[in-house]
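Two complexes come next, and they have one chain in common, subunit A, joined by subunit B in the first and subunit C in the second.
On to the complex of A and B.
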């Protein structure tokens, strides 16, 4: 077995150029999906029955089907649908097929991650005691204030480990974006490999790139968790002497 | 706008359904081999030995970071060359072999965590009590600890299983003909038309599979919960 190390090094440098694209997809998706997923979790806990049914069906459908199928479906639906909408209904002269394919990547991953995160937030919200809400209301806060100042911060801390997991799996699924002709890490390495059939080396490079990226993401989440859960640690420290005495 | 024929979804479903057997075969093969490897990894993490724990931790960390499609192609291109060094020729092995190998590697990491958390969820006192009344170490594990582990493990195992089934759809990228592969073939035969209809049919199949697995696991869980009688 011989590995072309020179090729691997060159590809690795090429692949670094794709890192911003991969991170861009991940970050944009999270920026949209975190609030959207949170709203979804809240409205699922609310009273509206029809809305609740729709959300439950949506979450179940997205979580019950492979990402790759969602990508293939939306990538064959969206361009023609948008083209039809713009040309026939709006009557505009705009060539939709010149649109940056990263937009399709955003839409697929946003649809997917929102569903996953809504479940994450639902379980996180259920960890916050009902008494917290009652206490906040009893001292004269409005419901919105209570959510923003009391409930959400606690729920977010509880949700962080799961958000980290979701981000890692989102980052991994962005490797499928090459199916939508997005030039991310995977696409660049595959293009490099196609010249000399060095696929094994190319995939090894992608492998290492993803290990690095995932470690980065997990490191960031570790630090965030460490800083936002500081109030918990303070409590633990204050409790410690009592336990020693008792 | 391209024409959309809803009736084609119903037409294509019977063509796809026989290929569920391939999907099921991949899942069952992977669950078997992946669980075996997962048990080894979980044992590595639970036992006192330092080397075993380090190896298991590194394995789980690395696998957690790697997209399935990348590992699939690594195995597909790399394994024949790697085994060639030892004089083993698997260039003629079926696609299913590579798919099951890849997903076993992935599934093992998930299972290791499932097994470990299930094992740790059972109180140490259970084993101690069993041993104190004269059961051997093996009997205590087999009759007391294991049944409790199984019940704890079901929800996590179900999640891993559903994930495996969904990730398994990537197997078509190396040319395996499961339901996804057959769907792509049908689209290819139609020169790309009816793609939406075929994808919708696949959505239905995968969704039904997931719901069936979830419901089945839920039933199993409540059944096993029944054994957990309290004194009062």
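On to the complex of A and C.
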């Protein structure tokens, strides 16, 4: 068997056109899910009982079901429901089936990523010891000030490696967006391949496209981590010059 | 200046404080002694509202409050007049030494940044860290970290400094540098309440020694009286035990 390299090059160029869509889904999802997940982690650490129960239920529901199933559910159920709502209850003339499918993609991935990140932030918050909160209170800071200036910045740094993992797996699962007829990288490759049945070549091309994108994400996180966690990194360096004083 | 009466505190069924009183005058150096689990830390934390007592009253200059029902504004006022030095330093890990000290000034008291920096520098100089302003806690030794903790406490100019076993997490060779700083503060007239197991330090600086056991104050008096002529059996047993250990270490 011979690979059709000309087809592969053409597909690669086509696929580049899908990169913005893939990145857009990833970024929009993160922009919503990072703050939402953080708020959830914070309110779980607080003492509202009902809120905590709801969050726990939500997280286990999402994490206990496959993303594919969530997509199938949302994509088949939501339009019908919305259509009913708009037509029958609000009495409006709007064809819900003309809605940009990317909105469904946002919904699924936001629901998913928020659940994952709320767990990430919960464990990150628990790595900042309670003593620092007490120290902040003891010098007259309020709880909110202590959270904003002391606890949250450290929790974010502690969470960075896991946020990176979450982002990479989010980026990969956006490939399921084709199921919702979103024209992302995967969808474009499948369409190109369907003309001449060059599926193998098309999949090889996006294989590399995803590797490239994921490496890029990891690189960005690596640099970020190094620039914000200087206060922890120094630990290893400390041993070198022993300077005594006092 | 500060008088606290009849402090009770229980954790579940475990009654830790069973009516503790303390009276502090300006310039007092009060040392609290007692066996492990006697409630010393809990008592100190109640004074700063890090722990909410179940019962008891506090008179602090013009403030009068029940400990249990103290309002937020009273708690803030009391915290402004006190400062706590913790056993495990509890420095802000994401801030440098000088930022740790400035935080209570700029954030909690809205002191302008430049002024705060000067106060913080003075405080760090006082504890002998004039060459460590920009070091993160993770770059400092335990003794240096605890001295930053002390600088953070004195920078906010509190009426009373509270110390909870400030040296017990330190390697023996680092204890001296922290005690030296505390002696210096004592000499300058700071008012302090100190929980410690450092007996010779207690003997040297205390203007009053309180011996606690089982959640009550068993005995109190001058350092000389407590160490040389304790009235209560439990006090002399405790001193006998720790002073023996102490000799043993030397």
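The criterion applied here is as follows: the second predicted complex is superposed on the first by the 234 of 246 C-alpha atoms of A that agree within 3 Å, B and C clash if a C-alpha of one lies under 4 Å from a C-alpha of the other, contacts with A are read in each partner's own complex, and residues count from 1 in each chain.
In the analysis below, a contact is a pair of C-beta atoms (placed from the backbone, for glycine too) under 8 Å apart; a residue touches a chain by one contact, two chains touch by 3 or more.
Bear in mind the structure is a predicted one, so any value in this text is a computation, not a measurement.
Legend: residue contacts after superposition of the two complexes on their common chain; A:45 is shown touching neither subunit B nor subunit C.
By the touch criterion stated above, A:66 is placed in contact with subunit B alone, subunit C being left untouched. Residue contacts after overlaying the shared chain place A:220 against neither subunit B nor subunit C. By the touch criterion defined above, A:90 lies against neither subunit B nor subunit C after alignment on the C-alpha atoms of chain A.
When the two complexes are overlaid on their common chain A, residue A:27 makes contact with neither subunit B nor subunit C. Within the superposed three-chain model, A:136 lies in touch with subunit C and out of touch with subunit B [touch as defined at top].
Of the two partner chains placed by superposition, A:9 touches none, neither subunit B nor subunit C.
Of the two partner chains, subunit C is the only one that A:145 touches; subunit B does not reach it.
Listing the residues of subunit A that touch subunit B in their complex gives 1, 60-61, 63-69, 72-73, 76-77, 80-81, 84, 88, 168, 172-173, 175-176, 186, 199-200, 203-204, 206-207, 210-211, 213-215.
The part of subunit A that touches subunit C in the complex is made up of residues 128-129, 131-132, 134-142, 145, 149-150, 153-154, 157, 230-232, 234-235, 237-238, 243, 245-246. The touching residues of subunit B, when paired with subunit A in their complex, are 1-2, 62, 64-71, 73-74, 77-78, 81-82, 84-85, 162, 166-170, 180, 195-196, 199-200, 202-203, 206-207, 209-211. Subunit C contributes residues 48, 50, 76, 79-80, 82-84, 86, 88, 90-95, 103-104, 107-109, 128-129, 131-132, 136-139, 143-144, 147, 149, 152-153, 156, 177, 180 to its touches with subunit A in the complex.
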